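The structure is given below, and queries will be raised subsequently.
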Amino acid sequence: MDLFVINIIDGLIYGLLLFMLSSGLTLIFSMMGVLNLSHAAFYMLGAYLAYQISVITGFWVGLIVAPILVTILGAGVERYGLRRVHQYGHVPELIFTFGLFFVIEELVQYIWGRSMVNYSSPESLDFIAFSLAGGTIPAYKVFMLLISVGIFVALYYVLARTRIGMIIQAALSYPKTVEALGHNVPLVFMGVFGVGTGLAGLAGVIAGPSLTTFPGMAFLLGSIVFVCVVVGGLGSLSGAFIASLLIGWLQTFAASYNVGAADILIAMGYEFPKDVYYHPWRDLWTLTLPQIGPILPYILLILVLVFKPNGLFGKRET
Amino acid sequence: MTNYSMKNGAISSSVPWIISAVILIILPFIFTGGGSITIMNQIGITIVLAMSYNMLLGQGGMLSFGHAVYMGIGGFVAVHVMNIVENEYLWLPLPLLPLVGGLVGLGFATIIGSFSTRKAGTVFAMISLGIGELIAACCIIITVFFGGEEGISGDRTMAPPTFGIEFITQKEVYFLIAFWVLLSTFCMYLFTQTPVGKMANAVRDNPERAEFVGYSMRWVRYVSFCAAGFFAGIAGALFAINYEILTEQNLNLNMSFQVLLATYIGGVGFFLGPVFGAILFTLLQTVIGLQTDLWALYTGIVFILMVMFLPTGLTGLFAMHLIPLQLGRFGLLIKPYSKIFLPGLVFLLGTIALIELINHVRHHGEEQFMTLFWIEFDTRAFLPWILFSLMTIVGFYLSRIFAREVAEAWGEATYIEGERR
Amino acid sequence: MKIFKTIASFAFAAGVFLSSSVFADTVKIAFIDPLSGPFATTGTGGLAQWKFAVEKLVNEKGGVLGGKKMEIVALDNKMDGKESLVQVQVAIDQGIRFIAQGNSSGIANAITDMVKKHNKRNPDKRVIFINYSAVDPALTNDKCNFWHFRFDANADIKMDVLTDIIADNSAMKKMYLIGQDYSFGKAVAAAAEKYLAQKTSIEIVGNELHPIGKVKDFTPYARKILAAGADGVITGNWGADMVNLGRSLKESGFSGPIYCYYCAGDGITKTFSAAGEGMLNVVHEGAMNPTNPELVAYHKEFKAKYPAADLNQARIMTATMMIAKAIEEAGSADDVVKIAYALEGMEFYNDILKTKVVMREKDHQAIQNVNVSVHTKDIDIDYDNSGYGVKTYATVEMASADSPTTCKMKRP
Amino acid sequence: MAVDALKLDNVTKNFSGTEIIRGLNLSVAKDERHAVIGPNGAGKSTAYNLITGRYQVSSGKVFLNGEDITNLQPYEVKRKGLSRSFQITNIFPKMSVFENVRCSLLWAMGYKYSFWHMVGSQSKLNNDAEEIIEELNLKDRRNTLAGVLSYAEQRALEIGITIAGGSEVILLDEPTAGMSVSETEYIVGLIRKVTEGKTLLVVEHDMGVVFDLADRISVLVYGEIIATGTPTEVKENQAVQEAYLGAAMEEH
């Protein structure tokens, strides 16, 4: 039971981190209709920039400055890249962001090298926040949790209470109308893309010390973010929120419990084969839940898309 | 009325194919040494794969992030069949193996396509991504069939000899691959000329209107998807024959991404685009890859620039020039082109040199001397830095000036009255 | 037919450049490992060590066969199976007789399979496969062949040593096995199970595999390990999977030792720094600390030339010297059958590492001293320029010298 | 009495609660040229979308030659012999004019999803396509990409795609919208020519065109037909005068 509680907390931290990425992605998709495949690359960029700043000035400056830099970079990408490709249609846009992912990944390796960098949490957060079930939750994880919740609240406030939030909200459902109402759509696009990628950058800044800052980090997290957004329903912020938490917990619990296919098969009345390593069904008999944990989201993705192409909470046609 | 009888057309349209066949036959006798046959085999396989991918992206407007799956599955089965043949449970000459791979690719695409082709665009792309991740993961888990991360290997020479050929040397394999490249390309070309091939273009351009002329967009996509799976399977079997081993790397996302890169660089709007793409990409990877560890960066930059400025790809660049040629105004372009060539080249070389120099100092700083374009120099001296920076700046500046002239000349050379551009 | 013109011109360019690198009178070793992409650090580190060893240990001492220099030809396989095979073929086409590769047992499997087939089909162009780092036991057991030589201790041998050390540690009552879900991870788990049962009464409280390179957050695994009450962890993880596992364990409050294969160098030592102190116990050949004057001198010169790289694969020195010796004994750098015969069964004393190495005849597995070292600051030779390194606290001499093998080698 | 070519029986359509089409009844006899007029937002395009399966009807039935075609997919409707054009040009922009027309002929000529026929060697198919292009007066544009044609040419092609395949019932949606006088003349002449002997339903704003072309006219206001009759009848109808024509006439 204690393990269950601690897994809930771990899954929550992970899920909220995912939400920080998927919220930006959803905002961008809602406004511009383009799924930003390079989103995770900005996440990586955030981590690396924060690392570079932290080497010079320490962690806290990096926490503020790196996301801003990523926001500027993201806005620049929209202004000088995406806007140009927009005229060719949706598929070229997707391909552009896909290519961008590659270039950013390569650039990061070009600048910071190909091995992992030593980006670590600040010493002031280097203590144990509390213990539970024989395990400890470090203060940094609590800090991550707080930042994520803070972002969530801020995002909610901006969208629900401010004018710009109204415009974005309206654009979620009626993008054409908003344009017709005379809002400077290109500027809004640039801003949303910048803020969206900035959120990804912030996620990178706080995840970097915990999940290791290395060139593969974008690829590792990249496709799972798409899963969150698509499962939640493209263009639905609350959908992205629920899907992110769902996937956070799904992955945490799948890794935590060693349920094996053998247990199930035996319960179903099959007999465990004697020499399992040479058995034709050996892969099934030795299969465990943690082994397939990381692919569960993809199964979910396919099922959702097949049976509910708009996602669990999506209203817009994808 | 135009005459549509088959006879005349058949003779004139078979000429390019015969020329291609002749060239494919003499190629290995021109490039004998230096691993060129190995590279040509690799190019051949990539051509079939990229062409099949273009049936989806270019002709059908479906962006797939999991096309390597169909190649991989076809290849895995081909290796298993190779092993069955080796153990003499089955009689099958090696040159027929690609057909097996193709049928497996087709079968698998039939299953996946039945639900993934319902929508195009983002939904299709995301399903393909999910399937790609899923199959790649299964590859590691289901070791009975996929052999884990080591993969499955076979021995092509154990098949019954075909006309006395046992496919021991690279050259023999080359001819097998060349034959299938030509045959697959021909079949894929024929496919574009069929009603469903034509409708694939229509559905890509305007799915809704396609429905209003009587076609279900889903079925059109489905048929194209299955056909693409078939040819990807052929590529997989060719891979199995050439390398005699298949691993998870043959069907993971990375491989699918490479196919997309290669196809797009070649030009998705043209039938022969992927051929150029496959050649260029393989050479970038295999030949440029030996020269610099930044090959992937260059590939990425070329790709991005292509998407932004040349969405029709390399082939599009050639095809664009057919218009001034047809209008007889190509002469207008020669002068501005020759003017921009030198500064452009200087800019390009300068930029590459700077990138390489920075990379060297940053990551291989211990070695004082580096070699670039066959010239060795001291990275700690000022001269190379200044020289390369000057080349970049001056080259860029001059190119920009001349670029205006090119643009003007281009507008003049391609102006057609009454057409909206 | 523009396509073919393009093919022609490019292939021509390729041909020119490929043939241009063929020099007359050097003995070339093709180094085929990742030099670009995410795994390039390991590859470039290995390359630096090969280049330096060849220069220092062979060429500066007069070369082989009366003055022939040895040369390393670096070919980038991008950590990709297909690309590796292409590069092997490129090397063969250049007339290279020695193929050196180490990163990834999967690729080693593909190469050894290809070399076997190639040597059978082309008796006049045979090559030798120098496996300097891939430790999947199968390579010297079921999949062994005459052309493959392994200079690292394989996973079984290392586990044999590791379990000897664990058996001496009375604090270890419960052990948790965790590894990546592929052949090497499985080999480690199987060996650990076998040897722990043989030598100790330690209870294995967990034995599991996780998908390789796919786990974003190891915290749930760490929780599980803690909940199982494990005193120690054995893992074959490498790269980010190793770092993330270690870090999550530490953060979750795990204080026991982690016994690992690849938790030193290549950025890992630097990433752990103070956090890994006393926690990481690595099993390896070629002890760096405590050190000796010859090694310090060699290391100093190496660092002067390659400041960013580390001497973390000492077997490269051994392999270089043994190949040179075998060439001398065979009297030829081209007759690989003779060279292979000279190599198998060779006894060699590495006077820099002060260790004896025997290339076991029956399976071409190098038998040598294997050490267990701990991550600490108390060292002379550090890794990743971090001030931290590994210090050997136990050595098993000529480990597993008489271990059984299932290898049935066919000799030409 | 002969069966109507097209018949709408009390068709309604709701968009998230708002009723856009409120009990639409319409009969178009065989070989009739029928025009639907009405102010902007009256639901003319929506009615077309309901007939052709682009939208699902909320209630009511649609009959084509007496056969129920309610809520069939667009391609099924087309296969039953009803073809439509669009208000906003809807062609295949990256294909040549010839390919546009030929693709529109494929299903009707029975090729279906064939991948064993070569379209290039089907002489009847190609001859028919050429004939249509000739009728459209687009012969010198035969190989031009449809996307770069002039607006009037695209509108002509739009009609060409619609009539290709010999559908018996043709629905045209504002074929002359946004055209100059001479272009309009060209298009009207074209429509007259290509719909010879077919049932035609046309939505149009240009009253000149409507009175010139139509045998009968229906007036659609706020999702309902308020009057149907010959041009003269409609012109004289008091309700129509009030609801629509008066305002429209003043504008012209």
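Note that the chains are named A, B, C and D in the order they appear, and that numbering of residues resets to 1 at the start of each chain.
The rule is short, and it goes like this: a contact is a pair of C-beta atoms (placed from the backbone, for glycine too) under 8 Å apart; a residue touches a chain by one contact, two chains touch by 3 or more.
Keep in mind that this is a model prediction, so the values were computed, not measured.
Q: If you walk from chain to touching chain, how few steps can bring you from subunit A to subunit D?
A: The least step count works out to 2.
Q: Sort the chain pairs by how many C-beta pairs are in contact and tell me the top one.
A: Top of the contact-pair ranking: B-C.
Q: Among all other chains, pick the one whose mean CA position is farthest from the mean CA position of subunit A.
A: It is D whose centre lies farthest from that of subunit A.
Q: Where the CA atoms of subunit B average out and where those of subunit D average out, how many Å apart are those spots?
A: Here subunit B and subunit D have centroids separated by 43 Å.
Q: So, what's the distance in Å between the C-alpha centres of subunit C and subunit B?
A: So the centroids are 35 Å from each other.
Q: Compute the distance, rounded to whole Å, between the mean C-alpha positions of subunit C and subunit D.
A: 73
Q: Using mean CA coordinates as chain centres, what's the gap between subunit A and subunit B in Å?
A: Roughly 31 Å separates the two chain centres.
Q: Give the residues of subunit C that touch two or more other chains, as numbers and ranges in rising order.
A: 37, 40, 44, 181, 211, 214
Q: Indicate the residues of subunit D shared as contacts by at least two other chains.
A: Within subunit D, no residue contacts more than one other chain.
Q: Find every residue in subunit A that makes contact with two or more other chains and list them.
A: Each of 113, 291, 294-295 in subunit A touches at least two other chains.
Q: Which chains are in touch, pair by pair?
A: Listed by label, chains in contact pair as A-B, A-C, B-C, B-D.
Q: Can you list the residues on subunit A that touch subunit C in the complex?
A: 3, 6-7, 10-11, 14, 109, 113-118, 128, 131, 133-136, 138, 140-141, 210-212, 214-217, 220-221, 224, 251-253, 255-258, 288, 290-291, 293-295
Q: So in the complex, the part of subunit C that touches subunit B is made up of which residues?
A: 1-4, 6-8, 10-19, 35-37, 40, 44, 75-76, 78, 80-83, 85-86, 89-90, 93-94, 105-106, 109-110, 113-114, 117, 121-122, 181-183, 211-212, 214, 305-309
Q: Under the touch definition given earlier, write down the residues of subunit C that touch subunit A in their complex.
A: That would be residues 37-41, 44, 181, 206, 208-211, 213-217, 219-224, 226-227, 239-240, 243-244, 247, 251-253, 266-268, 270-271, 273, 386 of subunit C.
Q: What does subunit B use to touch subunit D in their complex?
A: Per the stated touch rule, the residues are 1-2, 4-6, 9, 190-191, 193-199, 201-202, 204-206, 208-216, 219-220, 223, 227, 269, 418-421.
Q: Can you list the subunit D residues touching subunit B in their complex?
A: Subunit D residues touching subunit B: 52, 54, 73-75, 78-79, 83-84, 86, 90-95, 99, 102-104, 106-108, 111-123, 126-127, 130, 144, 147-150, 161, 164-165.
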